[in-house]
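Sharing a structure with you now.
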Amino acid sequence: MNTFGRILRISLFGESHGGAVGCTLDGVPPGIPLSEADLLPDLQRRKSGKVGTTPRQEPDQPRIVTGVFQGHSTGAPLTILFENTNTRSRDYRQFVDSPRPGHADFVAQQKYGGFQDYTGGGHFSGRVTLGVVAAGAIAKKIIAPAAISSEVLEIGGQQDYEAVLAAAVEAHDSLGGIIQLRVDGLPVGLGEPFFDAVEARLAHAVFAVPATRGIEFGTGFPAARMKGSEHNDPIIDERGTTATNHAGGINGGITNGNPVVFRVAVKPTSSIGRPQRTMNFAKGAVEEMLIEGRHDSCIALRIPPVLEAVTALVLADFKLVAQATAPAPQGS
Amino acid sequence: MNTFGRILRISLFGESHGGAVGCTLDGVPPGIPLSEADLLPDLQRRKSGKVGTTPRQEPDQPRIVTGVFQGHSTGAPLTILFENTNTRSRDYRQFVDSPRPGHADFVAQQKYGGFQDYTGGGHFSGRVTLGVVAAGAIAKKIIAPAAISSEVLEIGGQQDYEAVLAAAVEAHDSLGGIIQLRVDGLPVGLGEPFFDAVEARLAHAVFAVPATRGIEFGTGFPAARMKGSEHNDPIIDERGTTATNHAGGINGGITNGNPVVFRVAVKPTSSIGRPQRTMNFAKGAVEEMLIEGRHDSCIALRIPPVLEAVTALVLADFKLVAQATAPAPQGS
Amino acid sequence: MNTFGRILRISLFGESHGGAVGCTLDGVPPGIPLSEADLLPDLQRRKSGKVGTTPRQEPDQPRIVTGVFQGHSTGAPLTILFENTNTRSRDYRQFVDSPRPGHADFVAQQKYGGFQDYTGGGHFSGRVTLGVVAAGAIAKKIIAPAAISSEVLEIGGQQDYEAVLAAAVEAHDSLGGIIQLRVDGLPVGLGEPFFDAVEARLAHAVFAVPATRGIEFGTGFPAARMKGSEHNDPIIDERGTTATNHAGGINGGITNGNPVVFRVAVKPTSSIGRPQRTMNFAKGAVEEMLIEGRHDSCIALRIPPVLEAVTALVLADFKLVAQATAPAPQGS
Amino acid sequence: MNTFGRILRISLFGESHGGAVGCTLDGVPPGIPLSEADLLPDLQRRKSGKVGTTPRQEPDQPRIVTGVFQGHSTGAPLTILFENTNTRSRDYRQFVDSPRPGHADFVAQQKYGGFQDYTGGGHFSGRVTLGVVAAGAIAKKIIAPAAISSEVLEIGGQQDYEAVLAAAVEAHDSLGGIIQLRVDGLPVGLGEPFFDAVEARLAHAVFAVPATRGIEFGTGFPAARMKGSEHNDPIIDERGTTATNHAGGINGGITNGNPVVFRVAVKPTSSIGRPQRTMNFAKGAVEEMLIEGRHDSCIALRIPPVLEAVTALVLADFKLVAQATAPAPQGS
């Protein structure tokens, strides 16, 4: 549902055009220096406004409503709100009758029996990830000194993607992309097999992010074409450093001290400004539709801080859990 | 940890060379016709013995210890045991000093402080998936009439893989592969966003299975190179059928009534019969090691029923949860 | 922690003097008619202002921020906020040095390392139950037509408690009380043994409410002094009606169709206006303290709607879970 | 359902006359010295055979199937089995038609649609608590040096209960009792409000145990008749020792370093050898029934090690969780 994590638990809420979006983060250790300013850099990175992203501008100002006192986390739940202010009135009702291809319009209507908030995508809106990014900024503090970075490997199949992006914007079409995540400085021993293998929870969190279509760890899909003698990573020192990192920093579902590396495939944005076919349920006929307005041509450009955030949330939770499940002191 | 699911919950236990492996499955609706014979077909498919798989032969006979009465599930927890009988004594202690590349030897030693059962891989052994496959056979009954199928798309990069497999066996090396899963007949509306998107929980469960390195839904990684106008699936009838299925049967994290399709990358088996370098912690030096014995040259050939099983477990849980979260009857 | 429930899940947040208190309720079925006005009657009952309750007056105006659209629940998380407006500045810091007897001052200081919000009790404040009462009002809609009622059985040991209450107020002292809860109209079959017996989850939720010291179901403690021949409830019709209800409507952890009845002991309010001894950690000496200000002389008078709310939350969750775990249709 | 705990998680399974009863305990820290012999003392205390308990004698021999290696816990799930050997064949089918008063016969038939294992009480049998006691013996090791003790305060209303017990046995009737639990040596700071207050989880676990009807902490129900000036416990030293312990060692849901004390009311055993009225659903009429065989006349005499076990499981889980949620090191 909308809660995730064992010790560090995020609960998400909100709709694009409702009163607010936000999250509650429970299980944050007390004593972490924290203010709203700490959340702004990642929120800024998530913002639209660049080429290929929607011109809708929200202030995206986080308000830490609870859980911080005198500049530190208190140990009580931390609720962060983003009030919705820029909700354009518009005829979203039409998408109940004529569900947009690639969107959740059709499944939401079926699952929620017509009661879903259909304005602006409702709870399916990418705007809900604001709470994820804010929580992730806190999780990054928990996993320090480990550090997460991300890189746009390609957009529309191109490493140098400016031209293809401009062409897509011009054509009112959209592009996807591939993002690589990397985490340096993790200790050996995070992860709780069987079901809470590090890859398992990372993938879980990554696929919760809208528009993700694939994930691969270490060498990933190409590993399926390697021989064991090529793929196995030789251990070359007493800290567990490996000569290669085909495993992506994880063995048996547990971090091995090498960088955790994975890549995420992001689909082209579903909202495009070109004619599309869909079923019109009111008329009982397939017809052509054109979605007006301006949208992100490439959500992959805004998704990196969201992927970093879910990565941080997963790893911070693992770190706290590892403190709980450490070997018993000798003599106990 | 070792429990997974919200309503239908599997708890796994066991080690390769301990007393047994098995599982407890809680939340099974009462009244499902069930006997040990129902579990055998998938267990048989998981078995070794074919070319490219280990010649270790266990009877793999499941014993349903609890939760079945007069041929039906009772609604109480269902425990299934596989006694370990064919545990070859062997010097596994050496792998604590000289951790095998690609295995969990090193991380287990670090995480569990030397107390892990290191014989035969312990709880990290692929033998633990016996309990998964048995539970999956029950989950398949819960999701009926929906049906799961799997297909080996390629081994060692080859669709026609017999020659490459024979060569790998000959060379005491190993191969990976790519498996495609497909689920037909699912209703519209399974999945519970934000965090329990269908892809999220499927990926979680898939990456819990040892040796998985990647997963992609629908068109997957290639979708990152498509335009939105190519990738969006037009809805062409009132049941939500789409002209194409780039989305792999899922929109907004919810099943849309089309076949759910995803592919899984399986790495080459880590155990190979060729010299490898690793750190010898007793000597404090990197040296060459040779792992004796015979192993699976291609675990990808045995993994399909395991992947089907975790798929069934996830979807059955979603089906039960959907019964709980259905829209309120009018007038309530 | 601060989340409770399997399908219907409440997440609580807030501090007495922080920005707000409130809750997020996930798993609410879509289609339930709902507005802020529906929450007011129980919130009004929880309010202070009567004899024996604190004169601090907050407007306690709930704001449903998310999860309601066009007058109905949407199926998305429902967040309800109560902004804190009447936070009197006062020297709460003194209670870190001289922890108040009966309060959480000492344990909070130890557990949270001094980072807890100590103003007004912080997250330990009874004000946090505002979110519980609001969520409970929604849960009551889910369990309808079953209905919950509560009764103050005694205050300060007296059924007719006006005089004893006036005397306590006069003496700047406080009183406890016993509250009886009753639920009529529940179906047979709610409850999920072993660990989710109905009494187990009700007691869990009741003891989460501050100031509760005991709970007993049906005949309760006096049942320990009865013979089995006296205590067993004869079943007298085909719906399971029993001649007596010593069991309090629950057998084997499952509702039996008779009224669910239990009583809760509420301690006398810890804040009193009389001199008390406590350790002054700054001085390293035990000394007398006097807590200024005005407080509830009897929290038991305000707690009934809170107890009704947690009862409703538990039973609504059981109702939704029962829909998920119902017997399989014949022929499945 | 049948799993309980956040880090230390017990999963229970089994029926009285099925193949076995037992449990899986996940989250046990690696390195705890452990063998089957360690489980025997508490299992022996739970055994029947004394006056007032059933003469059914099972060997109750635990088998640790997984999770222990070379005499220590490994960190992998620990499964403990008790094979059922002494299952007397008998006509339990009659209790489906004529449900026994005080038993779960009626509710099980309704909830599980007739598919429940009705022999010997099935999953509702007290025999299922064998797994609880075994797991509790391990949990006691985790909370050491804190120690749990229990005391039978009264049986049938008498502190000196031999005569009243003999009379009940003679009359084929049954008695209840009150048990007091006490835990010494706990650190300050266990417990995770709001919902995981120490009392909340202890009460949850206690009411999962069959036959419990009430619980009270510290002074309990009598506290409802005290004044605040009498009930508040003065803190008298820097470790938080209090002059009195009306609070039962818990403030604000968190242990305060004083002994945790609570009492549990146990109902008289439902199975009695005297005529009782019940509905015969086959005949559609109320009639008199007589349950043959011999049963516990006083389950309260066997329940103390079960209550100790659930207490240990709850506190051990809190201890591990507290390691995860400790304040962040300065400078983090």
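Chains here go by letter, A, B, C and D, matching the order in which they are written, and residues are numbered from 1 within each.
In this section, a residue touches a chain if its C-beta (ideal position, glycine included) is under 8 Å from a C-beta of that chain, and two chains touch if they have at least 3 such contacts.
Everything quoted here is computed from the prediction, not taken from an experiment.
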{"item": "Chain-contact steps, minimal, separating chain D from chain B", "value": "1"}
{"item": "Chain located farthest away, centre of chain D as origin (C-alpha)", "value": "A"}
{"item": "Chain pair showing more contacts of the two, A-B and A-D", "value": "A-B"}
{"item": "Whole-Å gap between the CA centroids of chain A and chain B", "value": "24"}
{"item": "Where chain A and chain D are represented by their mean Cα positions, the distance between them in whole Å", "value": "43"}
{"item": "Chain B: positions in contact with at least two other chains", "value": "1-3, 12, 27, 30-31, 73, 75, 111-113, 115, 123, 326-327"}
{"item": "Chain C residues touching chain A - in the complex, by the definition given at the top", "value": "1-3, 9, 11-15, 18-22, 24, 26-27, 30-31, 63-67, 69-70, 72-79, 81, 111-113, 115-119, 122-123"}
{"item": "Residues of chain A touching chain D in the complex", "value": "6-7, 27, 29-32, 73, 75, 141-142, 144, 320-321, 323-328, 330, 332"}
{"item": "Residues of chain D that touch chain C when the two form their complex", "value": "1-4, 12, 99, 101-104, 106-108, 110-113, 115, 123-124, 128, 154, 156-157, 168, 171, 173-178, 188-189, 191-197, 199-208, 210, 212-221, 223-238, 240, 242-243, 246-248, 251-256, 265-272, 274, 276-279, 281, 284, 286, 300, 322, 326-327"}
